[in-house]
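What follows are several structures.
Below are two complexes that have chain A in common, paired first with chain B and then with chain C.
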Partner chain A sequence: MAFYVVQFLTGLASAASLFLVASGLSIIFGVTRIVNFAHGAFYMLGAYVAFTLTERFAGAFGFWGGIVVAALALAAIGVLVEMVLLRRIYHSPELFQLLATFGLTLMVEDLVVLIWGPDDLVGRRAPGFKGAIDFFGQNIPSYDLFLIVLGPVVLGVLWLLFQRTRWGVLVRAATQDRDMVAALGVNQKWLFTSVFALGVFLAALGGALQIPRDAVNHAMDLRVIVEVFVVVVIGGLGSIIGAFVAAVLVSELNAFGILIFPKISIILVFLVMAVVLIVRPWGLFGKPEAPARRTPGLAVNPWRPLTTNERLAAIAVLIVAAALPFVAGNYLLTVGSEIAIFVIFAVSLHFLMSVGGLASFGHAAYFGLGAYGVALLAKMAGLPMIACLLLGPLLGLMGAAVFGFFAVQLSGVYFAMLTLAFAQIVWSIAFQWVSVTGGDNGILGVWPEKWAASPSHFYWLSLGIAALAVVILRIIVFSPFGFALRATRDSPLRSEAIGINGKRIQWTAFVIAGTVAGLAGALFAYLKGSVFPDNMGISLSVDALVMVLLGGVETVSGAVVGAIVYKALNIWLVSQTDLSKLVLGGFVVLIVVAFPKGIVGTLEAFMHRRRKSSSSASSPLLTSRIESAE
Partner chain B sequence: MRGYFVGAGLAIAVATMATGAVTTAASAQSEIKIGEINSYSLLPAFTEPYRKGWQLAVEEINAAGGINGKKLVVISKDDGGKPADAQTAANELVSSENVAMLTGTFLSNIGLAVSDFANQKKVFFLAAEPLTDAITWSKGNRYTFRLRPSNYMQAAMLVEEAAKLPAKRWATIAPNYEYGQSAVSVFKKLMSEKRPDIQWVDEQWPPQGKIDAGPVVQATAAANPEAILNVTFGADLVKLVREGNTRGLFKGRTVVSFLTGEPEYLDPLKDETPEGWIVTGYPWYSIKTPEHDAFLKAYQAKYNDYPRLGSIVGYQTIKAAAAILAKAGSSDPEKLIAAAEGISMPSPFGEITFRKIDHQSTLGAFTGKTALKDGKGIMVDTAYRKGSDYLPSDAEIEKMRPKD
Partner chain C sequence: MKLTVKDLNSFYGPAHILFDIALEVGEGEVVALLGRNGAGKSTTFRSIVGLVENRSGRVMFEGRDVSDLPTHAIVRGGLGYVPEERRIFTDLTVEENLEVGRQPKRAGAPQWDREKLFKLFPNLGEMRGRPGGRMSGGEQQMLTIARTLMGNPSLVLLDEPSEGLSPKIVEQMVDAILAMKKEGVSIVVSEQNLHFARLISDRAYIIERGRICFGGTMAELDARPDIRDAHLSL
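== the complex of A and B ==
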């Protein structure tokens, strides 16, 4: 019995650390709607700074003082980031801020190694909380007890802050309806800045408090960020109590789950999230989001098919691209094939995001399913390459059909997180089912047949399929189905009123996107000759998101440019410098500032303005977008 | 209009890559190039000393006149910890840098990906670090050789000591991926062969890099084992040890632990180093052989730092590559294979041989016990175990390894 009590308390201690970080993220998201990918980076920096301070200043005062100072210092950095970077892009398309914080995260990962060196750092134990307390023969570390107390204390302080101060009232009001708060004349700038600072403070505090039990290292951020997101979503976005309950739920299920299934930890949080979101689409304590009030940005600059001249230009570009094998060597051609494959992958996600209005955080699942489909067909059934390429993506199609059915019942970030959960479940199956998938050692020897084996042939194959995929998706965008899909995106209520079955339309779009992603995965398997669980991992999903956002989410085919720029730059930087993440992250941040609507989106807007000013006949009401509060 | 942008993007992409191609076109005839790939950005704690190791080797080789009079150049690439990126790098090294051979890699899945690439493109590959048994056995191929003692060999070394323990109830804690899984399964198999009386009472599989150490320690203690096998390393190991120390998990229990004696993983533990663990590792401070002394002196003189195991692996990888290239007198992969099969060479750990039967080197490892000295973890009672003594019989290997 004593054991179960101790295990429960241990779970609570884990929950407390998780809650500190999660509460900060939840507050930031609730008010600013920023998906703060850099939250893990602030957590890690908090730990690093606290390590330096606590090593320098010994004693109880030095230790606790060091932790608080570290959190405050990071909060100050947070203010700087918000004012210099994020303020510029609150008006950008949804999720664009994710791109900025992603760039920051990349930079921080390299910076901490530059500043603190590559070794794992083990900090001091907390003065006064070094030992353990005997509980009927079981030991409970006293630091765990400290954390168990700290969690509810922080929760209480936050509750008081939100319920009993004017600032808290404003924050809650903004969480519920930002436009209204803005309309009432509240200075949103400082509200956002202060909220961001508080969130970062909590993240850094959470990181700093890990010093006595963790090793500070450069991978801490990724270790925590996904899990924290999951906790926030399970609890319900913007709900602090929800974050607390979710943290306890996840930690306790893990603490007791490993007694029965020792391998459960790897997937547990995602299973919980999938179940919670299917049963309660807005998390445990979340409320349904009000229907979007703002006019979609696209209303000003409507999409249209390419004109004849533009088509000719596109064909000319394709011909130039197809001529690459006559001038380039084998390495460039293989890189070209890889870029073409990522163009397919990115446009499939772009289709879902920009046309369907559904941002998937787990799109790599269908890419990976396509790749595994090919690998299994080729290795187990021994099918020829053409058959594999045709049949492999069907696995992506099936996955998308099953998961998409559940996912499209949700919207916004909840949709994104459910797709992430499904992707992680698929990933863990590939990772754990060693007898079929080979586990993390993957499936080797999936090389193309002779006719496609040479780099130039494979390049033409990839380029051809990429061009085909872009054209087909564009045709769909401008088909009646595409219009119905866009109607559902722009106004679910109105489209339903004119008889459009929104969920079915979105589901179909999800399946189309999943199948095209599967096609990209199928090609990728042949390009690399092998398949690994990596091919459906989170980082690949994030890469795809970055490509789409970089290109411009409010465009028809911006992802093509986003994929080419990001992938080419990535490959080139990794090959040329050891600090590829620092440079790439800096580049992404620069792009975010220079092209606040994505590369293609901003260029299009620029062209559009020029055309307008030269004709200068249009009404100013239509040309300037109605700016909402975000 | 959009087509124009696409065109601009493509042009940028092509132009950036073309600059890479131009610089490489100027390769001199008087050089031999080796392509090296490792997870520099993902695992800097291991790969930084590793890089220093191979750079020292390059310097020594060129100071001694290069390889058959040609200057040795190592072109190094980062794989970011992703098999797909490792293949991109391998392709660049082979197709546009025209390297004579590929070396390096740390993670098992990356080692396997590059090994499969080498097999497909008919390139010689000397795997430095990946521990998976598959790379020389079940997924072995004729183009791939491996330097470090494999999972099986390290398990066999530890089993020799572990079997002497009186403990009968064993629990295991291992990261939930291929390395952890195969380390546990080989250890269990060899151990149960020597000691049929042993019971395996519990196993814990925390995700690699994400251990929630408190519950894991508590769950292990609840099974009340007499001895524990640990396979976690890095940050996970630190957390496990800290929780285990406070909760008294290791009191009165013997722990057998893979890799923990390597300075990369032992040093961060500082004064929390648990005592008496039976480990494999690298006690650079207590190895007193002329070969190692020479290496240690050169390393400390160049870097003003002590070597980690990664330094040895990096150093010996390039030394081995150079020895193979010198013996082959050519960069033709078939000649390299012929030269590498059965080649013997000196190393800081004594003479090693690359076996013909499975392309595994006989580089060994040190076993010993952990201890605390001046607030730092060290290995004591160390013994070098030659790799050749801890390999299965030829008949068993032939059964596992696919025919070329």
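== the complex of A and C ==
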């Protein structure tokens, strides 16, 4: 019995940090409507800076001073980030905001390694809380008791801040209607900045307070952000009490899940989250959001199928690509195969994002499931390659069917967070279920059969499947199903009103996208001859997002170009620098801020303008009349 | 002049909404902006306080050019705005709603505080702790005016204050607006209801399809039934 009580208290202690981080995320979202992906990075930086301050400058600040100064320093950095970056993207579609803050996260990961090195750092114990308390023969660290008290204290302070101060009243008002707050003479800019600073302070404090409990390392940002996303999805974005209750719930589920399912404890959290989402899609303490504002969002030119000339051009490009084996060596062909595979992966996400308006932040899950499907079928069942290629993606299909069902109940940022959480769950299953997946060692020796083994043959196979995938997805875009999907994307209410079952359409799109991604993963497994948990990792999901964004979210198949450019650049970059995440993250931020239409989108806009100006030269009267009629 | 608007043009996306709007409001005057639904009344107000991004033209307030200032700065300068949709903060109590509107005192402008406003709108005084979301439409309309007055404005843009209110509440609204005028607040009130406008206004403009097509005293408007019938639905 005593053991369970101690386990419970350990859970409560873990909840404290989780609550701090989650409440910070919630507060920021409430006012700015930005889901700050970089929140985990601030948490991690808080821990690192606190480590340095308590180790090197303990004389100046003492331990507790070090913790507080670290959180304050990060808050100051947060102010800088808000003023330099976020102020430029408050009016961008939410996808861009998520991506920009994600780019920031990537940069921080490399910077942290650069500054503090790649090894785990073990911080010192908190003075006054070094010992443990005996509880019927079980030890409870006294620091845990401190954290257990701290959680509710912070909750209380935040409550007072929001209920009893003018600043709190303004923040709550801005949470509901920020334009009206401005129309009453309040300078929103500083309100946003101060809210962001408070949120970052809480995240950094959460990280700093972890140093006596856990080693500081450069992967703690993603670990915490996934947990925090789960917490805010369960508790409801924007609700501080929700963040508290859900943080306790998730921490306890983790604490006891380890006893029940030692290997896959995260499943338990997932099940609870799924139940909450079915019963209350907006979380336990959240409020239902109005139907999502425009999802893709910039000025969309109407889509049209390719003209005959454009089709011929596309076929010509394909023929040129197919001629590569006659001029290129084996290395280039392998790179070519990889690029073709990523074209398949990118167009599958593009289909979901641009056509379906559903920005998935965990699309790699289905890529990875396809890869594992092939590996398991080939290694365990010993099926031939064709059968594996056909059946392997079915694992992606099944994953997409299950996760997609829950995910499409939500939209916008909730959808993005949920897909990310699902992907992390799939990843941790692959990582933890060693007896089946081989864990970190992966599954090796998945080689193609003779007929596809040579680099040129495999290249042709990949290229052929990529071309097929692009064509099929384009056909779907311009099919009645595609129209229904786009109608649901552009106006859920109106499409519902004309009898379209939006959720089912979106679910179907999710399954299609997951299956195509699975196909890409299946080919990838054969290309590399092995599968690893990283084949479904977060960075792969982000790669796909960047490819889509780089190509142009608002184009029909810009992802093809995005994938080719990005993958080629990436392969080259990784061979050139160790700081690929730093460069990549900077690149993502740059695209979002300076180049939101992507390559194909920018080209299209350019062509559109040229067409417009040349036609206005021929008949100025006509165009001017049309414009004023608009 | 308290407020002078010149050559105001506004756009929503590619759509041109307002065409060369010109308005003048004198010190302590109540001016009605009359027009049908969709004529451009709300857009005019939103453009004056800087809530329409794509706009051009000049807005002079108390002799200062405020055309390029951000919304909060215009409002802080003493130009209050009461939106048509009321936009009460539903989670906040009556007192908290007023707190959001509170601004420092301004020399030369009428001063308001909570107690004075509760005298002007006695209903609000009886429900100080009630969340805005649990108030009737009339009470919300009073709260939104009171909230703007907390900023001690010298001029208020009042967007369709009588819309959707019962006749009894409309009467209270007339009294409240006249009381505001007596305190020295200049008011521009947009209305579809000529009867209501006549009770409170010194002068009127008529706006139709984004253009001002009449400006004059109420007596001058009454002398032109043709204009009245052509541009106002009665």
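Definition applied: the second predicted complex is superposed on the first by the 479 of 630 C-alpha atoms of A that agree within 3 Å, B and C clash if a C-alpha of one lies under 4 Å from a C-alpha of the other, contacts with A are read in each partner's own complex, and residues count from 1 in each chain.
Going forward, contacts are C-beta pairs under 8 Å (C-beta built on N, C-alpha and C of every residue); 3 or more make two chains touch, one makes a residue touch a chain.
Because the structure is predicted, anything quoted here is derived from the model rather than measured.
A.B. asks: Determine, under the contact definition given at the top, whether A:417 touches first (chain B), second (chain C), both, or neither.
C.D. replies: The answer is neither, since A:417 touches no partner chain.
A.B. asks: So, A:185: does it touch chain B (first), chain C (second), both, or neither?
C.D. replies: second
A.B. asks: When the two structures are overlaid on chain A, which partner does A:177 contact: first (chain B), second (chain C), both, or neither?
C.D. replies: So A:177 only meets chain C here.
A.B. asks: Taking the superposition as given, does A:231 touch the first partner, chain B, the second, chain C, both, or neither?
C.D. replies: neither
A.B. asks: In the superposed arrangement, does A:369 touch chain B (first), chain C (second), both or neither?
C.D. replies: Touch partners of A:369: none, neither chain B nor chain C.
A.B. asks: In the overlay, answer first, second, both or neither for which of chain B and chain C A:578 touches.
C.D. replies: In the superposed model, A:578 contacts chain B only, not chain C.
A.B. asks: Counting only touches as set out at the top, which of chain B and chain C does A:284 meet: first, second, both, neither?
C.D. replies: After superposition on chain A, A:284 lies in contact with neither partner.
A.B. asks: On chain A, which partner touches more residues: chain B or chain C?
C.D. replies: Greater contact footprint in residues on chain A: B.
A.B. asks: Based on the superposed arrangement, let me know which partner A:169 touches: chain B (first), chain C (second), both, or neither?
C.D. replies: A:169 sits against chain C, while chain B stays out of touch.
A.B. asks: Help me check something: in the complex, which residues belonging to chain B touch chain A?
C.D. replies: Of all residues in chain B, those touching chain A are 1-7, 9-10, 12-14, 16-18, 20-21, 40-42, 44-45, 47-48, 77-78, 80, 82-85, 87-89, 91-92, 95-96, 108-109, 112-113, 116-117, 119-120, 132, 134, 139, 176-178, 181, 202-207, 209-210, 212-216, 218-219, 221-222, 234-235, 238-239, 242-243, 246-248, 264, 267-270, 272.
A.B. asks: What does chain A use to touch chain C in their complex?
C.D. replies: Within the complex, chain A contacts chain C at residues 166, 169-170, 172-173, 175-177, 179-188, 627-628, 630.
A.B. asks: Which positions of chain C touch chain A when the two form their complex?
C.D. replies: 14-16, 49, 51, 70-73, 75-76, 81, 83, 87, 89-92, 96-97, 99-103, 147-148, 151
A.B. asks: Where on chain A is chain B touching in the complex?
C.D. replies: 3, 6-7, 10-11, 13-14, 109-110, 113, 118-122, 130-132, 138-141, 143-144, 212-215, 217-220, 223, 227, 251, 254-255, 258-259, 262-263, 265-266, 306, 310-317, 320-321, 324, 328-332, 334-335, 338-339, 431-432, 434, 439-442, 444-445, 447, 455, 524, 528-530, 532, 534-535, 539, 555-557, 560-561, 564-565, 568-569, 571-572, 574-576, 578, 580-581, 599-600, 603-604, 607
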